[in-house]
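By letter and in written order, the chains are A, B and C; residue numbering begins at 1 in each of them.
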Amino acid sequence: MENIKELIGELSSLDTASMYLEDFLLTWDKSLDQLKGVFITADILRAMRRNNISSRLYNSGLGVSLFRDKSTRTRFSFAGACNLLGLQVQDLDEGKSQISHGEIVRETANMISFMAEVIGIRDDMYIGKGHTYMVEVARAVSQGNAEVVLEERPTVVNLQCDIDHPTQSMADALHLINYFGGIDKLKGKKIAMTWAYSPSYGKPLSVPQGVIGLMTRLGMEVALAHPPGYEVMPEVEELARKNARESGPGGLFSRSESLAAAFKDADIVYPKSWAPFAAMEERTELYGRGDSEGIAALEEKLLAQNAQHQDWECTEELMKTTAGGKALYMHCLPADISGVSCKKGEVAATVFDRYRRELYIEAGYKPYIIAAMIYLSKVKNPAAKLSEQVEKSLKRKL
Amino acid sequence: MENIKELIGELSSLDTASMYLEDFLLTWDKSLDQLKGVFITADILRAMRRNNISSRLYNSGLGVSLFRDKSTRTRFSFAGACNLLGLQVQDLDEGKSQISHGEIVRETANMISFMAEVIGIRDDMYIGKGHTYMVEVARAVSQGNAEVVLEERPTVVNLQCDIDHPTQSMADALHLINYFGGIDKLKGKKIAMTWAYSPSYGKPLSVPQGVIGLMTRLGMEVALAHPPGYEVMPEVEELARKNARESGPGGLFSRSESLAAAFKDADIVYPKSWAPFAAMEERTELYGRGDSEGIAALEEKLLAQNAQHQDWECTEELMKTTAGGKALYMHCLPADISGVSCKKGEVAATVFDRYRRELYIEAGYKPYIIAAMIYLSKVKNPAAKLSEQVEKSLKRKL
Amino acid sequence: MENIKELIGELSSLDTASMYLEDFLLTWDKSLDQLKGVFITADILRAMRRNNISSRLYNSGLGVSLFRDKSTRTRFSFAGACNLLGLQVQDLDEGKSQISHGEIVRETANMISFMAEVIGIRDDMYIGKGHTYMVEVARAVSQGNAEVVLEERPTVVNLQCDIDHPTQSMADALHLINYFGGIDKLKGKKIAMTWAYSPSYGKPLSVPQGVIGLMTRLGMEVALAHPPGYEVMPEVEELARKNARESGPGGLFSRSESLAAAFKDADIVYPKSWAPFAAMEERTELYGRGDSEGIAALEEKLLAQNAQHQDWECTEELMKTTAGGKALYMHCLPADISGVSCKKGEVAATVFDRYRRELYIEAGYKPYIIAAMIYLSKVKNPAAKLSEQVEKSLKRKL
């Protein structure tokens, strides 16, 4: 309990007031104080739950979820976060809804929002589409609120778009903060965000982009590595470079086509498959034209291209080259584990298994990160409200 | 807050006691006092939410939803209403359930109702089926309750059937009441409920039927207009005629085949596509026989028939002929907007856009209308209970 | 209310403490005191609801449901039970989730459990799979909890597996207890658990297995009867035999191939179709190999085999041979009713109809049985907590 009060003290020293009523779409839209506010609030909410203190904010209200791609962990994280704050999840299933009848975004956004406090969206399939869609929804509910159509403006939370995956990268970062013992301990630490081979196709770029876009804010040395042709979005690479420059001593960003160079002396490694950006752009166009032959041909081409880089695997040998041979292995899960979930994949089974517990802990931050994003958007003075809740100590489990 | 107490005072002067434990299937089953009770209760619940007062009635309980047709806004309205009162929605998805195994209605109705406080049903696809199904469900849970199989009898709420769409027409009417400044202001106002061209097929008749069945109760001049062959159910037309006769001075019902005549001097226009009643009857039979060739042929015939009436569009020219050129444009949404959602549709884009905000406000009444229907069925003395809730002022957002 | 306090007194005299933090997978894993604890707790929760006393245990928390087979009544029972205790259901739909991407059980079990208090699983399709899967999930969340990945360990509740269907058999038994006026009244009563003809194919064996595995614990005379070839799992038959031997005077288990012998002087009859165990094993293998021709051939063979036993029907003539001609007819529903849901089925329409109310009451125990299983797993001293809740008398309906 002492710990909770200390954390609330820290939170109150940060400038997070401007998050009130704002969305969370991209980490690079947020100030460092705001990001720290999310980390600390997530830790506070977790500590409250551990101490059986309810952090319920609402006696009624909906949390709308809109998943345009398959999801287990993000779906459950969003549901858990909403439930923790007293909101009931209502899924907008486009198969069942009139969106399939050609309804426009603005109208739908308002129609689902009369009782909504938050809208969580996952739309990561097509380059140039996901973030744009979220901005459209955000604009629609802002207008609806300004026109007094919506009595409350629901907060839009990005549960993964084509550009960023903030609930993932923030959960990853909070894991690092607690693993290494504080956000200041991350300064100068080297993280290798690398491509890795997978026998599957078309994985989104938002995880590597989210990681390089966020970790460069925290004064880390970020080494991006991938085979030729697997570039991420140039704007995000540029942003990472700029972030690193501005992050003070220790901050660095580099890009290479060498897995070995990235792993060398790394404190943290994050090897993960993704699709080439250019191919994803091509796919978006093919889907736009409904060219199913083209899509099939592209898939075949990409799988063949992947297969040329089967040596991009996180092996025990590579792990030995990291700092003290003990870099922290990270992954957003599920990973393609060689000999387990596929013949040859992103990571050797022994490496994965040694870090399995840490990977699960990493994933476990996500519901609290999402809840913190909502909390800071919904409460004007979050430190005061959290203090009040801790003081009252309404039990979560009666 | 003064306003809320005034509204509760009004509510207490109405004879709504007989709504206790009753379903809401058709507006014409309800007395005028009962309808007014729903309008006022909806406004009270909305005002309570605006003033951050919880209207939670339950600490546990299920709201069962059964949608036999696609739905976004009604689904979210029902979810929002249930959540506002403290009920958790559980969807009966017939694809996943054993209904698809040939289970009979009575049994299913009881099996889903052990913990249910309300059952919301949408079943609008086939003439002669939807209302009948709801009555069957209502009878089943009545019997279950009488036999002490069900400790509580869930209230059945019609979320759209083949005959009526009370949550829509009541939300429409409440919009009119608040737009024009009171239910008495509607007396003598002319509303044009007209067919409009749509390139899509088989839209239900329950919206126009619900509107003419309800608005004729409120002393309005209701002008129904449609091309030849697009008659609504004769019983409902007869009922509208009778309602109008009994509604006192200013009350009128007329039917014509002229869009221009209906719009002329109208205070409100509601142009909307629907399928011909006779064709819907034919379709019901074809589906009953599983005659897929017949269904395809009927669809083609109906689209061709629709296409002969592309001039039934709500244009700026027509709007100019309404009262002061400023009739209130209404629609249950989504509308077929010419040049936006289709090449040629129900309404000109400029007309739709000018009334967009009003249309969204109109839609925003639906969750409160549904919540009010449930509230009046579940609480013996609603004015007293609402007073108590306002007095206590449990916060909705803590 | 006196009654509730009496029941709580009874509960406190039972040794149920060891259920705390334990799963409920098979009734035969539980002591007689533990089973009695579930029955009494279910009756207490039902009485509390009747007296409008909330039994809410949580201010937040998820109840995860995983249905690998169609379900209406069990789905709604689980939802109702979770809701009664304050948990929000989140469905793990494998079609929508990444399980379909080959994710392993241990990982998924942890990923869905960060905020979960209970996981309800239905997996009854394949012999040798369902129970095994539940054990795997249980082990995974135990490990996750031990590794402090999961702050709380969710309780796993078997909502039907290949071996047992404890929420069904326990609801059945509670119905018998209340019907006959006490658990002691069941001693020496004869129950006929018999196969019955159905024109459908592949019904799970878990209901008859669950019934013979449980009722033999209660000192009943259990007569299992089926045509040749319709044996249940030999381990379960063996277990039933052993249970009966150990259950004291009056306890008996017999197996025959005569419907008439089983019904003769029975106090209770439970005629129900199921698939032959050997055929279910074969089907599991065929599905494993993806042999769709083999599956179709097996189905045809099984339907033909079923059709040879159309005389295995619960007729009025057979009912006359039961004790006083008035045996209690039971079924887990939905039943195949001759002349109603099929031409010829498990039971004559007049028999079914005479017992319809009792059948619905039987089904109505299931939500309370599930809630009781969760309650006893989540509360260290359930009698004290229930006393406290009754004392406080928080209203369920405000």
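Operating definition for what follows: a contact is a pair of C-beta atoms (placed from the backbone, for glycine too) under 8 Å apart; a residue touches a chain by one contact, two chains touch by 3 or more.
Since the structure is predicted, the reported quantities are computational estimates derived from the model, not experimental observations.
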Intersection of the contact lists for chain B and chain C: A
Same-site or different-site touching of chain A by its copy chain B, using the half cut: different
Inter-chain centre distance, chain A versus chain B - centres from mean C-alpha coordinates, in Å: 41
Residue numbers of chain C (touch at least two other chains): 56, 86, 88
Chain B residues within the chain A interface of the complex: 46, 49-50, 54-56, 67, 70-73, 75-77, 79-80, 83-84, 86, 88-89, 200, 333-334, 340-342, 357, 360-361, 363-364, 366-367, 394-398
Residue numbers on chain B that touch chain C, as the complex places them: 56-62, 64, 86, 88, 90, 92, 96-104, 107-108, 110-112, 114-116, 144, 147-151, 378
